[in-house]
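Once you scroll down, you'll see the structures, which are given as structure tokens.
In what comes next, chain A is part of two complexes: it sits with chain B in the first one and with chain C in the second one.
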Partner chain A sequence: MEAILFYILSAVTLIGTLCAITARQAVRAIVYLVTSFFSLALIFYLLGAPLVAAFEVIIYAGAIMVLFMFVIMMLDLGHPEKLTFPKIRDWWPAVLLLAVIAGSILILAVSREPATAPGFTAITVREFSQALFKRYGVAVEIISMQLLFALVGALYLGRRR
Partner chain B sequence: MTWNYVDIALMLVKILLVFFIILTLAAYLVLAERRILAWIQDRIGPNRVGPFGLLQPLADVIKMLTKEDLIPASSDRLLFSLAPAMAAIPAILTFSVVPMGAPLHIMGHEVSLQVTDLDVAVLFFLALSSIAVYGVALGGWASNSKYALLGSIRGLSQLISYELSMGLSLVPVVMLAKSLRMTDIVNAQASMPFIVYQPLAFLIFLVSIFAECKRIPFDLPEAEGELVAGFHTEYSGMRFGLFFVGEYINIIALGALASVFFLGGWRGPLLPPIVWFFIKVAVFSFLFIWVRGTLPRLRYDQLMHLGWKFLTPLALINILATGWWLALR
Partner chain C sequence: MSVTDALAIMPILIAAGAALLVLLAGPFLQARSISWIAVVAAAAAGVWAVVYPAVGATVTLPGLAFTGLSQFLIPVFSAAATLTLLLSHDYNQRRGIKGEEFQATVLFTLFALCVLACATNLLILFLAIESVSFAFYILVSLDLEREESGEAGLKYLLMGAVAAAIVAFGISLIFAGTGTLALTGAFAPEATRPIVSAGWGLVVIGIAFKLSLVPAHLWTPDVYQGAPAPVAAFLSTGSKVAAAAFFLLLLAFSRPLAEIHLPLYLLSLGSMVIGNLAALLQKNIKRMLAYSSIAHMGYLALALLTGSREGYSAVLLYGAIYTAMNLAAFGAIASLSGAEERGELTAYTGLGHTAPFRGAILALAMLALAGIPPTAGFLGKFYIFYAAIRGGETTLAIIGIVTAAISAYFYLKVVVQLYMREPEGAAPAAPHQGTPAESLALTCAAVAILFIGIYPSPILRVLDAALR
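The block that comes next holds the complex of A and B.
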């Protein structure tokens, strides 16, 4: 049952992301991307991480994508541009990246024993937050300070001259 | 997790029941609103279809379904037809985590009056309310009309702003209940509803849900006087009906959540739990209509000031104060 759901959801995620890349209109791309975030959230839920699933939807689909949408609507960038096929000489970075990824996967597959999945445990909110704020407490504080710096920096750049 | 057929059947029955109850309630809330507004404004209101106008919702549905379904020629057809559903679905889904009554015992099974008791129910609700933004945004954008676009930009910024204060006002509730699960929140209020400890959080939540529903005094996304009908200007027939019903389902859902978070959910003396739950929801729905009949619309800058410079800092101070109180107690 879970396996079938997983394959359906991963297909939706992949197709959604692919459509998001190839969509001509920015708003449609956002909708496709939100769809793939949703199925990704459901995959997290299937893996026993309901908190991560909720954050995926709240932060990515509900906050970041909505802000993208806001900017697109404010600047009226919604009109599709004429799509030109990239020239062959512009392709080589993508080809190089693909070669590196495919090569490393091949090497890993040949050289190592197939990994076995660790035992399945669902994590409750309590366990998650204790691990986050006790074991990784310092890291959380440092990241929140960084976000604060980013906020102050954005405010400085955006202030009225 | 092992499931037997009785559990699956029970789940299906619960889902269908919730659907039926909510859609009926939403239809009659429309009628109630029209009658109560008429009463406030010293008019008569719809009283012709059936006794006391009770069949009016049915007549409205028939009217909506038989109207011409217009799609503007220059619109984005796919997103245009998707948007009304994206406005209504999150509102309906919110009900899947709302506990409507004490667990019942039927044939040796304990049946909770709640579709699912999620571990992260509060976050689930916040996620759905952040998704509800897309209905407004896409509806206005796909219509390809000035008024609709202006309405949806307003709606977008209003919903994002007030989501923040709504989420922050729920933090003290979670701190007191020590859980994100709805049943735990209701059980934590067994001796005293949270409104007694958290009157400030309740007020912030109340103002925020008015803004989330896009109701007067926060109905700038569809301000009739300036934007025709705002983000759903170009919609007609049942597509408009879906936006409309979605708004009323949202009112019921947010009223239900306000009673779960602050008024003890289904808890109450004498009457059976489910009756108490629906009384509380009805009180909130009446409040929504009463406010609509009483207050004028805010100006746009006033709306933003209230959200960002008053409610959000107040909610943060409230969280801090609650934290100190819990630590020093």
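The block that comes next holds the complex of A and C.
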């Protein structure tokens, strides 16, 4: 049951992301990305991390995507650009990358037993927060400093001159 | 967090507190007092690290510790930040860069650098190195009047973001393979060795970008040229030493795999050869110094390659010496630049006579970068090649020595411009009077270059303690 759900959700995630990067219109790309975030959140839920799933929906699919949408609407970027189709010789880095990835997957598939996911136990919000603010408390502080200075830098660079 | 913890990581707290103080007090104080607060705080962080005993300073905070290595690195970082702040006050006034954001961001960079020096797990290490890059994205594009500055910032940001993603992927693969984020416990079990070595490969690619090793070096000349000169001084010292320290921490604690020898060998070879040869062709002094920094990072990679304690101590020593040399070189450029950046080499013709003090500092920095005794540059190169030959990298060491000899040509070209050329046509604009803060910063850098070159035993003793 879980395995079937997982495969459906991963297919949705992959297709959603693929559509997001190929969509010509920015607004459509965002809607595709939100879809893929939602199914990613459900995958986290299946892995026994309901809190991460909730964060994925609230922060990524909710706050950040709304912000993107807001900027696109405000700056009126909704019109698709006329793109010329890439020439054949521009394709080789992508092809090379694809070959490397496909090769790795092939080697993994041939040489190994299929990996089984270890059993996950759901953790509570209390355990999660204790791990976050005790074990990773220093990391949280560093990230908050970094975000503060992201704000400072953005304000400075956006200042009217 | 107990009192002993707070005392042990005081440099981090000083830098963070001062950055916030500068931001909060900025609107109420004059630019001069802001600069002085920042300078005093940055210097205090370094002095604290020197004075506080590293032995017995156990920290209960997860992911941080005040070790001998931190005791060596924090003063170097703090010196770089202090001198940058001293150099930039008058430079910013001449260039119309206003606001307390500059000082606050430099202090934030120092904060991240101190965290990096104290990090004991991969997560903190990654966050610290990314915070450093992050601060530099802001600092590089801070000159709003000049288009090149913004262009350099954008280039650095785009390349840096890709490199950050690669490093993060590498670290996550190492974590997947070893099951721990701790630096000390991260050795690869046989079963997961392919995953761990893939992780190492990605980390090497990311670090190659951060150290600007060939072939991940293309951003360096543009960013150095576009960045304001004091920022270029800080970028070429703080961020490079930080990246080298990041790699050194990984290598020293977690038993490097044999697989990374070949990539590192090629990176070092390419950087030494291409960096020095490309520098020969440059007409702009900042681009020339950028290629020279690529070559110098190639030497650092050579010392890292040996995997021996001697190699690691050569990396740290060279990091400290390189900081002094580049601060002197870019500091002199900053001080000689007026409302326009003095970029072209021809603009330096005869400046050794019209601005004797700053000309002499620039000449000294060039001689040191070329590795001519009795400057510290010679000592640093000597230790690197010595460690390389002892570590069995004789071929690469010989190539390094040959390229170092070639590099003397373009460094000495600057000295020739300063003292021995008559200006063709119109003489370059006479530089304005040097200010006390700039003179103080340049004197400190020059004294460090000469002192380490002539009397190196104190710093070698500290180094010995740092790597124990």
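Observations on the model:
Following the convention adopted for this analysis, the second predicted complex is superposed on the first by the 143 of 161 C-alpha atoms of A that agree within 3 Å, B and C clash if a C-alpha of one lies under 4 Å from a C-alpha of the other, contacts with A are read in each partner's own complex, and residues count from 1 in each chain.
By definition in this document, a residue touches a chain if its C-beta (ideal position, glycine included) is under 8 Å from a C-beta of that chain, and two chains touch if they have at least 3 such contacts.
Since the model is a prediction, treat every value here as computed from it, not as a measurement.
Model built by superposing both complexes on chain A: chain B and chain C fit together without a clash. Applying the stated contact rule after C-alpha superposition, one finds that A:146 touches chain C and leaves chain B untouched. More residues of chain A lie in touch with B than with the remaining chain of the pair chain B and chain C. Legend: residue contacts after superposition of the two complexes on their common chain; A:25 is shown touching chain B, with no touch to chain C. By the document's definition of touching, of the two partners only chain C reaches A:157; chain B does not. Our summary of the superposed model lists a minimum C-alpha distance of 16 Å between chain B and chain C.
Looking at chain A, you'll find no residue that touches chain B in one structure and chain C in the other. Remark: chain B residues 76, 78-79, 82, 118-120, 123-124, 126-127, 130-131, 133-134, 137-138, 140-142, 149, 152-153, 156-157, 160, 163, 179-180 touch chain A in the complex.
Across the complex, chain A meets chain C through its residues 134-139, 142-143, 145-146, 149-150, 152-153, 155-157, 159, 161. Interface residues of chain C facing chain A in the complex, by the touch rule stated above, are 16, 19, 23, 61-64, 99, 101, 104-105, 108, 111-112, 115, 123-124, 127-128, 130-131, 134-135, 137-138, 141-142, 144-145, 150.
Only residues 25, 27-28, 31, 34, 50-51, 53-55, 57-58, 61-63, 66-67, 69-70, 73-74, 78, 124-125 of chain A touch chain B when the two sit together in their complex.
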